[in-house]
Amino acid sequence: MEIKNIKLSQLPAFFDQLIKSGKVVIAPVMKKSGKVFFERVQSYSQVATDYIQTGFSAKSVVFPKVEVLFSFNKTDDGIDIKDSITDIPETIVWGLRPCDGSAFNYMTEFFLKENPDVYYAARKAKTTLIAISCAKADDACFCTSVGLTPGSTEGSDLLLTTMGEDVYVEVITEKGKAAIDLSASLFSVNEERSKEKYLAKIDTKFSLTEIKERIKTAYDSAEWKNESMGCFGCGACAFSCPTCTCFDIQDEGTQNKGQRLRCWDACGFGQFTKHASGHNPKTNQTQRRRQRLMHKFQYSVENLGIVSCVGCGRCIRVCPAHLNIFENILSVTQ
Amino acid sequence: MEPKNQYIPYKMRIASITEEAPLVQTYRLEFVDEKDAEQFTFRAGQFAEYGVFGEGESTFCIASSPTREGYLECTFRSTGRVTKALANCELNDIIGLRGPFGNTFPIEEWYGKNIVFVTGGIALPPLRCVIWNLLDQREKFGDITIYYGARSVNDLVYKEELEEWSSRSDVKLYVTVDPGGETPEWKGLVGFVPTVLEQNPPKSDNAVAIVAGPPILIKMGMPILSKNGFDNANIYTTLENRMKCGVGKCGHCTVGKTYVCKDGPVFTYEEVLKMPAEY
Amino acid sequence: MARIGVFICHCGENISATVDVAKVAEKAGKLSGVAYSVDYKYMCSDPGQTLIIDAIKEHKLTGIVVASCSPRMHEGTFRKAAEKAGINPYFCEMANIREQVSWVHPKSDATTQKALDIVRTMVEKVKKNTALTPIKVPITKTALVIGGGIAGIQAALDIANAGHSVIMVEKKPSIGGHMSQLSETFPTLDCSQCILTPRMVEVAQHPNITLYTYAEVEKVTGFVGNFEVTIRMKAKSVDHSKCTGCGTCWQKCPSKKIPDEFNEGMGFRTAIYSPFPQAVPNKPVIDRDHCNYFQKGKCGVCQKICPAGAIDYEVQDEFLDVKVGAIITATGFDLKHADFFPEYGYGQFKDVIDGMMFERLASASGPTAGEIRRPSDGKIPEKIVFVACAGSRDKAKGIEYCSKICCMYTAKHAMLYKHKKHDGDAYVFYMDIRAAGKDYDEFVRRAIEEDDVHYIRGRVSRIYEKNGKLIVKGVDTLMNGDPVEIEADMVVLATAVIANQDAETVAQRMHISYNKHHFFAEAHPKLRPVETNTAGIMLAGACQGAKDIPETVSQASASASKAIGLFSSNEMTREPIVAVVNRQAPPNFTSCTGCMLCMEVCPYHAIEREEMKDRTGNLIKVAVKVNAGLCQGCGTCVAMCRNKSIDLQGFSNDQMLSEVMALLNS
Amino acid sequence: MTPLQNKVAELFENGTISLMIGYKNAINKLAVPCFIDHATQVEQLIYTPECKGNLSVYLHKAEIKQAKKIGILANIATLRSLVQLTSENQLSDIEKTVITINAQNEVLVFDNMEKVEEYVQANFPEYTEEDKKLLEQLNSMTRAERWQYWSEQFAACVKCYACRAVCPMCYCSSCTVECNQPQWIKVSSETTGNLEWHTMRAMHLAGRCINCGECGRICPVGIPVHLLTAQMNLDIEKEFGSKTGFSCNSGYALNTFKPEDKEQFIK
């Protein structure tokens, strides 16, 4: 891995080069509500710098909340079908946290390993992830419990760690290299050093090894009911989660002209598993929440070898009932 | 080769329409594009996503046998938005089809064995695919026994084929209707499928059984067979959870870690017992 | 798979003169789902219907759209044709291209386009139609008649004579109503009681009629053919099964100074009483409000002397539940008391009386045995002034409507007086004379011309007493509005006919509508004058509005015929255009959440609470269901339902939206 | 033990309740709903200014209803929802004991809805200053500006339906957005469809919303959705004089008719 250095004061200049490259640049922006969201920006002045975590993850860059799978048009001699993959722009995500970067690893594995998803593949191929290490954290952060750190490089193309007046730049992939090559003069060569003291301190909430083992028998835990009783069954956790990938496929338009869309869906919604006959295999919120949590900590491990929770803490911050995923997991694996 | 975009449907023309029962129809579908027809292969047990453009997609098994080439058949009941729109289609209309998806019945493993089918209502179509597949190579199998039931005489599907099977000497067919669903002319059995199965138990030696139906029939039928000496690994079922993508991504069909769409829909009782009962 | 047939009617030239029908047929034929389309001169004619029937069979049509007139005209015709052809009649829809297109637009391309647009919406609708089956509702062949006046009596007898059971409920101790109080009746001057009492007796003796007097309807639930009615049997304190009606009790009753309602307060009755000699049943009840035993706890005379031992002080009000198929409301009317005209001195001067008091004075069974005497001193008046419209047609002080009967009874009163006191003077102050009716005007003319009654067109402004005479001051508008002053011995005010005091309560109990004057509302003022908006509840007599006897009797027979018609079959068939609450598999049962908003807005009280229970009887859910017998398919509930749990068969949300989308996507 | 904990323990011990819905501590000093079924667990119960969540939502859950005797810790908004829900026939099958803590920090226990109603009427809450200010701002806008404002807000909505999930008045077991025959509201999340959804929700809550403000507070993208229903309430109160969550027996202003109802609001 190549290590570079850039002066903190030069970051805006680097950023402007990214904008000038003509690619779509997505970066955290502070909204009036005080929450920070990824948005397309045009200059560094729009970019939020003082935040712990964005409200939503950057997954929408590769897995949009609504994605047109294809459009169709009835003609006299049949139906024209046109997919939208060619319209996908080159995109740079700036300022995602290391945990989010690692979430892309999971998503890539999930979408591309088996039955590869061409939409995801096209978007991912055109996306560069520039992550920034966490100097701050809050009580909801628990990346250190799922095998990550506030300075993890997994999944990102570039990781920036501010060290005083300097920014320590880890060039992780070719895409990352290409990004700094846009303004090569701003970067100097640097040597590898420890980021430790510049990173936020995050206590581990549990031992992942133990949890992975214990969750195998957690399905029947009586605690699921207690832990899920407070769950309202909204989709806030799933939609803000960087690794939740459930979706719905819906047609819009008329039978003559319209689009087939895939839209985010959430396994916590009451009707998510409901059959057309009215039969619902997952009748209550306990079953639905259990599915979500077991998926993160057991099923994705069994299917793909990856714990699909990155400890970003969004679901905890966003939950209307303030349910806490790591407390829930601890409780059902006791 | 570029991976195929699994969300773009084949265009299918509705080649014939058969009314099976109230609200239940069978469509015979032919590929609009001959190249698609050449490429497309499937095996018994697989399903597809049938789509009406502008309305959405609906999941059902392919009801015709892979041994009958050149077309596909599906049988569906109109209940939801998509199936109602599908039912409103006309001859020669073009609909979308994605698939085939999912695993298959291991028909080759069954050579030389006695086969028992247990099914009800609108769950006969997925097994009809298997039944014809077997009947088209009848010599390779032992006894074939079919238990089929519906709510009423009118609700029985494939009435002509039922006639045909019942008249064949190499098929043992039990057709039953739920109590109260019989007509004065009805000469068949009256009773729920599990009851009929218990009263006329099939022999389990050298036999495999396939159970398909509403969840309640699967949940009741498989233990009956198991009790009758069938090995749990020799009892098959096909699950029909809600599905959207068909390729193990959208998450709707999950039962525990299992994606019914790609890991199933065919499961043995042995496998089903290891899953949570969320189907 | 939809195969729709479209049939465009020319309606002679009604449509084809403005709409290019051939073009509509041609274009409709190309619409998605349309398998056949044709235009024809008269679709409703026999050949037109045959054309439809043949087309359905030949082209295997699954639904048809007939583009012609309003469905009000011929929906039934075409639905029957569809049924004859073997498809469910509810797969027939009409596109109204006459009233909504050809009659209201000039001939133009746009008009033709509009016709096509309407056809297209109906094609989209019929694609979403579902087979509906008419609803069969069993009928309880018993009628309830509320009120035992002449209206109730007539209706009850007609129904009973047709062979059906009747339950009659009368709140007073005897049937007979106001008619039993009248002296003679216009325009024939025959004795009211002479013609009424045989009918009263017939009611009492009729094997098909069960009579409950001194009883009131407490509660009505259910729906046409299947009403459940609770009747309160007020405690009579006399066991009528033992009582022989000998009269010993009321002769010995010590409370003798109770104003007699039957005689309009001009006379007294006892606490245990039968209201009048010809009462049916002629058995007494105890008026507990005036009985010493009930008020003071001592007396008990009647119990001691009753030879039959029929007196029972302990008996309480009892409730009786009955099932009936039809209800005839014949609760009658009341008269506005004259005291709201203080300038007329009613209540202040004893000899200012109202019309009903005059009836009692003129009646042979009345307090004066038929001699017209002044209430104050018993003298026979030399001069009587009759004031018509005393309260009626007087928006400022009285009521705005015409009481209808006063012109006639005032003429009758004047005539009766003149017949009994040949040299007396009768004056009538009137606004207009409204004597439309067979032999009515002749009757009034007879009063004026043969009996020499003085008619003065003008209003009375004031009545006061002077030297033992009543001075009536008014004007004569036919004499240039000159003031008129008459010294009278007696003044009779023709007070207004008003609804019963408890009419509003009764209407609410019955779930029928009423107007602002609390008269019960008929379903249609011209075409359904005896039915109410609630199917199975009919109206008879003055509870609907002021009426004279002939009109009351006609309406009573008419409402009886509605009941008899209803009872002519064992079950009735209702259009399946009713609201339905969706049903789902347990544990949901339905998406209805039981907020009951629909129940509150349903004008027909067709929505009922339903409790969903599990097998062990535990309550799982409270929701609603629609009583298809009561539902009239108005759709108000559908609009109220937030989560679309209730839908109207034949006009479902899905069908409506398909129509709208068909227009929007054109 | 706090007076609240003592009281709840007592209710458990004398058999008044078998399940208590309250709050316990959560991270970031927040309060998380807790469900306790035994007196020994009462020590986790807290009542702090952070206890904002409207616990009456849980009364719609089948798992909760099974408990039969339910104790519920209610802030004033929750009390109002209980009153409103009672008027909408939603709580008739639940045996409940309502516990609240008044301004003097006294623990009050209501064993019937009449008492809750009485308390609510005596302590009827005003709109918060912040909401008043926001509503004023919105009302001072022109129609076009307001349209612009909401369009921008709803562009961010992701249709997670958290607003619906936390709303005590959104108790339908299947919502209109889940009806697809016909499809009333688009499934996908984009500005027009989002506007449709929020407009529909505001209309369905008009004159029923009890102003707890939870929907706005919890929106993960920070849309002040509660202002829509709050404004509808103000309008209905002005036009029909009816207050929400005020009386257990009041009819619903929009489905009852009074001769004195004004009609000027139809423009």
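Letters A, B, C and D mark the chains in the order given here, with residues in each chain numbered from 1 onward.
The definition used in the following text is that a contact is a pair of C-beta atoms (placed from the backbone, for glycine too) under 8 Å apart; a residue touches a chain by one contact, two chains touch by 3 or more.
Remember, predicted model here, so these are calculated numbers, not experimental data.
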item: Of C-D and A-D, whichever chain pair has more C-beta contact pairs; value: A-D
item: Closest chain to the centre of mass proxy, which here is the mean CA position; value: D
item: Inter-centroid spacing, chain D versus chain B (mean Cα positions, whole Å); value: 47
item: Separation of chain A from chain D, taking each centre as the mean of its C-alpha atoms, in whole Å; value: 32
item: Centroid spacing, where centroids are CA-atom means, of chain B and chain C in whole angstrom; value: 61
item: Shared interface positions of chain D, touching two or more other chains; value: 62, 173-174, 181
item: Interface hub residues of chain C, defined as touching at least two other chains; value: 587-588
item: Sequence positions of chain B contacting 2 or more other chains; value: 80
item: Chain contact graph, described as a line, ring, star, complete graph or other shape; value: complete
item: Residues on chain B engaged by chain A in the complex (per definition of touch); value: 2-9, 11, 32, 51-58, 79-80, 83, 85, 94, 214-215, 240-242, 244-245, 247-257, 262, 276, 278-279
item: Residues of chain A defined as touching chain D within the complex; value: 31-35, 37, 55-56, 65-66, 138-140, 225-226, 229-230, 232-236, 238-240, 248, 250, 252, 261, 263-264, 266, 269-271, 284-286, 316-318, 320-324
item: Complex contacts: residues of chain B adjacent to chain D; value: 80-81, 84
item: Contact footprint of chain B on chain A as seen in their complex; value: 69-70, 72, 74, 78-79, 81, 83, 85, 110-111, 114-119, 121, 219, 245-258, 260, 262, 265, 267, 272-277, 279, 281-282, 287, 291, 294-295, 298-299, 302-303
item: Sites on chain D touched by chain A in the complex; value: 26-28, 30-35, 53, 57-58, 61-64, 156, 158-162, 164-166, 173-174, 178, 186-190, 214, 218, 220-222
